[in-house]
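Order of writing sets the chain letters: A, B, C and D. Residues in each chain are counted from 1.
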Amino acid sequence: MEIVSFKSILPKYKAVFFDAFGVLKNYKGLIPGIEKTFAYLTENNIQYYIVTNDASRSPQQLAESYHKLGLNVITSDRIISSGMLAKEYLDLKVNSGIVAYLGTENSAHYIESSGLKTLPVSQIDDSNINEVNALVLLDDEGFNWFFDLNKTVNLIRKRTIPAIVANTDNTYPLTKHEVAIAIGGIATMIESIVGKSFIRFGKPDSQMFMFALEQVRFKEPIGKHEILMVGDTLHTDILGGNKFGLDTALVLTGNTRMDEAETKIKSTGIVPTHVCESVIID
Amino acid sequence: MEIVSFKSILPKYKAVFFDAFGVLKNYKGLIPGIEKTFAYLTENNIQYYIVTNDASRSPQQLAESYHKLGLNVITSDRIISSGMLAKEYLDLKVNSGIVAYLGTENSAHYIESSGLKTLPVSQIDDSNINEVNALVLLDDEGFNWFFDLNKTVNLIRKRTIPAIVANTDNTYPLTKHEVAIAIGGIATMIESIVGKSFIRFGKPDSQMFMFALEQVRFKEPIGKHEILMVGDTLHTDILGGNKFGLDTALVLTGNTRMDEAETKIKSTGIVPTHVCESVIID
Amino acid sequence: MEIVSFKSILPKYKAVFFDAFGVLKNYKGLIPGIEKTFAYLTENNIQYYIVTNDASRSPQQLAESYHKLGLNVITSDRIISSGMLAKEYLDLKVNSGIVAYLGTENSAHYIESSGLKTLPVSQIDDSNINEVNALVLLDDEGFNWFFDLNKTVNLIRKRTIPAIVANTDNTYPLTKHEVAIAIGGIATMIESIVGKSFIRFGKPDSQMFMFALEQVRFKEPIGKHEILMVGDTLHTDILGGNKFGLDTALVLTGNTRMDEAETKIKSTGIVPTHVCESVIID
Amino acid sequence: MEIVSFKSILPKYKAVFFDAFGVLKNYKGLIPGIEKTFAYLTENNIQYYIVTNDASRSPQQLAESYHKLGLNVITSDRIISSGMLAKEYLDLKVNSGIVAYLGTENSAHYIESSGLKTLPVSQIDDSNINEVNALVLLDDEGFNWFFDLNKTVNLIRKRTIPAIVANTDNTYPLTKHEVAIAIGGIATMIESIVGKSFIRFGKPDSQMFMFALEQVRFKEPIGKHEILMVGDTLHTDILGGNKFGLDTALVLTGNTRMDEAETKIKSTGIVPTHVCESVIID
């Protein structure tokens, strides 16, 4: 396994898609020096987008979270989130009634649209259960796990409705050695209990990359072979990028440590085009 | 699918194993008339045992719960619970240190033994984590799901210890139309998140039936073909009984409704020897 | 569950995607009267495409198979096959060396491209195994199952290469009551044995629908809500169409029989927008 | 991870259960020096049994295979095979009709009993399919994979009968670097295709250990803590031994290499009581 510098592979590409967590930032904040990477991309006319499994906030709010950390180049139109896919699904496929959700009020606000009312699972009762036309799992916070997960199981048993999870990750890092259960992990439990499959939006699914590709092509007509997907996780970022036909770069600043990268690549059979220590350009 | 009376099949057997929930009792209490069934078994010298996926209480406490409902014939020596298997495992395989648990204090009390100290997951911290030599999932109550499930995930990531779940059921019935997530369902989520397999005790596993068979043979030398396993669930009671070589009877007072029994048998390929409406003997 | 006529739902749509097997044809040949459906679509300016999980032949050959049956309106540019996705993947991601395959010579011919040589798994040996840069599973015929499946397992264990399966179906119907194991079913076995995930192209994956959508929009700018996906299988056609944001129609001429449709919809939670007996327009 | 000599751990035990392949023998024949190990056990009055996932031959034939290699101490009463469990199941649960099988004639001969006729899947046709009351998967050889696996899938779709697989292994080693697909791996494919669960006999299931324990206790009353299970595979030998309450020793002469043992133990959470290079006693 050869490790190359991120800068050395860039000349080949006209656009770069970045995963967020483990690539641009970690539990401590932004990866130090990240602003130079974006300056370099801008200088060299390379487009960039953030492609992230995150349904807890709107692209605007996600962008603001970068601004607060001092990275102003990440504007909301640069962000492709799995929440956007969930929102598109609801807009197209659910025309009326209530969308029950697990997550914070904030996460629900974003997916609301003209014909739809969102209601936390905790507020579903006999008086409104028959109006519930979809269930969406948005965030692991904002609800009581004991009461609301039990309620969710019974809701899906009673109503034949689509259940959507807008984040395919099982966990997210909290500190260097601790993780937290993500809403994707909770979804796995509910699915196995009720015996139904959720509709999952997020990497490695192609739809995420399609959204990003449309943005890129809106500006200039470039081919898939001119795009690089950068991520820290083999099963989401690299598998998804590979399958969509993009070149891929695995970075070692997040989920995959340097001492385990080669073993993981061999045992999974998921092979990135490049391996880089980080996306930092010195 | 022929439905026969429970009484009509009994002459062939010298011992009967009963599942508890959905067979002897349901969310409303004892199945009305159940005392006549046990009177009939006693009269006809047919041994009986309760074989139950329950780790929330000791056999003594389980027996008392029947006595409170007025069924005094269920004595603690008649009860084979998955909790007994968990206890045997800890006695044989974990000799020292702390057993961390999810469940009520009561459930933990039963599994304690000379060399072992039990501690709820919530009380594990940096000062004692290195003494934790096993994790046991006992009950879905008695802990804070949000804090303690996240803590459990991190405990298993940090310590290479056996994780035991003493109840293989995903849910249990709460009312006629509502279920609750059982500790077995929670275990499934944790397993998929951490990528490790728990040691599961309970039907359909053979060890449950072995324990019961040992009790039976302590009293008289009878063959497997002279024992009937009665249950309401194809995947646990009937599959487990069949695999162990016992005759099996599916009853329709619990998890399997009369209108779906035939379809479920065909689609799963799990075929009971008999199908009865209930275990009631008129 | 209301069953409506296919004709009655068409006015709402500007394009229709059809699954092939179970919708347009079955084991006996074309569904009688199918030519009238296409005549009606043409008259009413509704675009149509065949979206099929088939990697055994090129779109040209697939089109010819319809012509031989007397249906000349199905031209090769109307066909979106999972084989096209596999071919695009190889074009973009595998630049040199040998692509080993399971399938007929014919199936391999289609995926060949400038830099790549295809070779059946049976011809891989110590002299060329290090040049193998991808494995593709194309068809269930054209090879010796015993020798070549064992060889395939060892090939994947020795080489860290992408393994692609261009058909997600487990079986296909052979006669009214018999099925045959499809290459997708074989792939599932190999995956579980080697512990690696194959890259799977085909419905329900979004990439299939994306290809079809691009064709449609090349002719006129229409929205996803103006497109209907028609299929006989809940887990591929309907789930995939729903997830991509299309309206969906389940037909009862293939995998899903009328007497089981409602039960299957409830137990899977995959709900089509419409249910029609067939696509025939009288 | 401490590596200890096999001899040093023996004083604690009154009986040892050995896995066969990877422990006593490998693809080249017996592990050199193995006869000294059995001489030592005999001298020290330690009972020994072979506990093996093998349904291709009778215990008599398995014993003869050791005699041919020069190891005469392995008599048939020392062998506990998963084929014995399959045979007991058929004896107890299938009273009449035909048992269809995949495997060699030899493997079928062993499971035949008074009321039952065995017939290879290839000989099942419309004239006898309704008499088929069980399907047994015995060996990966002795049949045409293409024709007979397809036939097996259709048999299980048509008949609601128990399907038994008497070997839970997915592969077995052929040479130092090559494996072959075992009948357990084939069973996994058929299960996922037909959506039914097979009844699986073999380690890690407790029933294997129960059979062995009964043999041991027939000679002397010893406790589970006085028995050692020795194996080369974490998921079958060690997991099964641990769960049954036995002490376990992982040896590094088969499936688990020395350089990967520690990583595998950590990532699976399956922890042997001891790790030894081999069972050889110098």
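The working rule: a residue touches a chain if its C-beta (ideal position, glycine included) is under 8 Å from a C-beta of that chain, and two chains touch if they have at least 3 such contacts.
Computed from a prediction, not measured in an experiment: that's the story for all the values here.
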Chains in simultaneous contact with chain A and chain C: none
Distance from the mean Cα position of chain D to that of chain C, given in whole angstrom: 40
Whole-Å gap between the CA centroids of chain A and chain D: 44
CA centroid of chain B to CA centroid of chain D, Å: 28
Of all residues in chain D, the ones touching two or more other chains: none
Touch-based graph of the chains, sorted into line, ring, star, complete or other: ring
Chain A partner contacts - residues on chain C that touch it in the complex: 88-89, 92-93, 156, 160-163, 195-197, 199, 205-207, 210, 224-225, 239, 242-246, 265-271
Touching residues on chain A, where the partner in the complex is chain B: 144-146, 149-150, 153-154, 157-158, 170-171, 177-181, 185-186, 188-189, 192-193
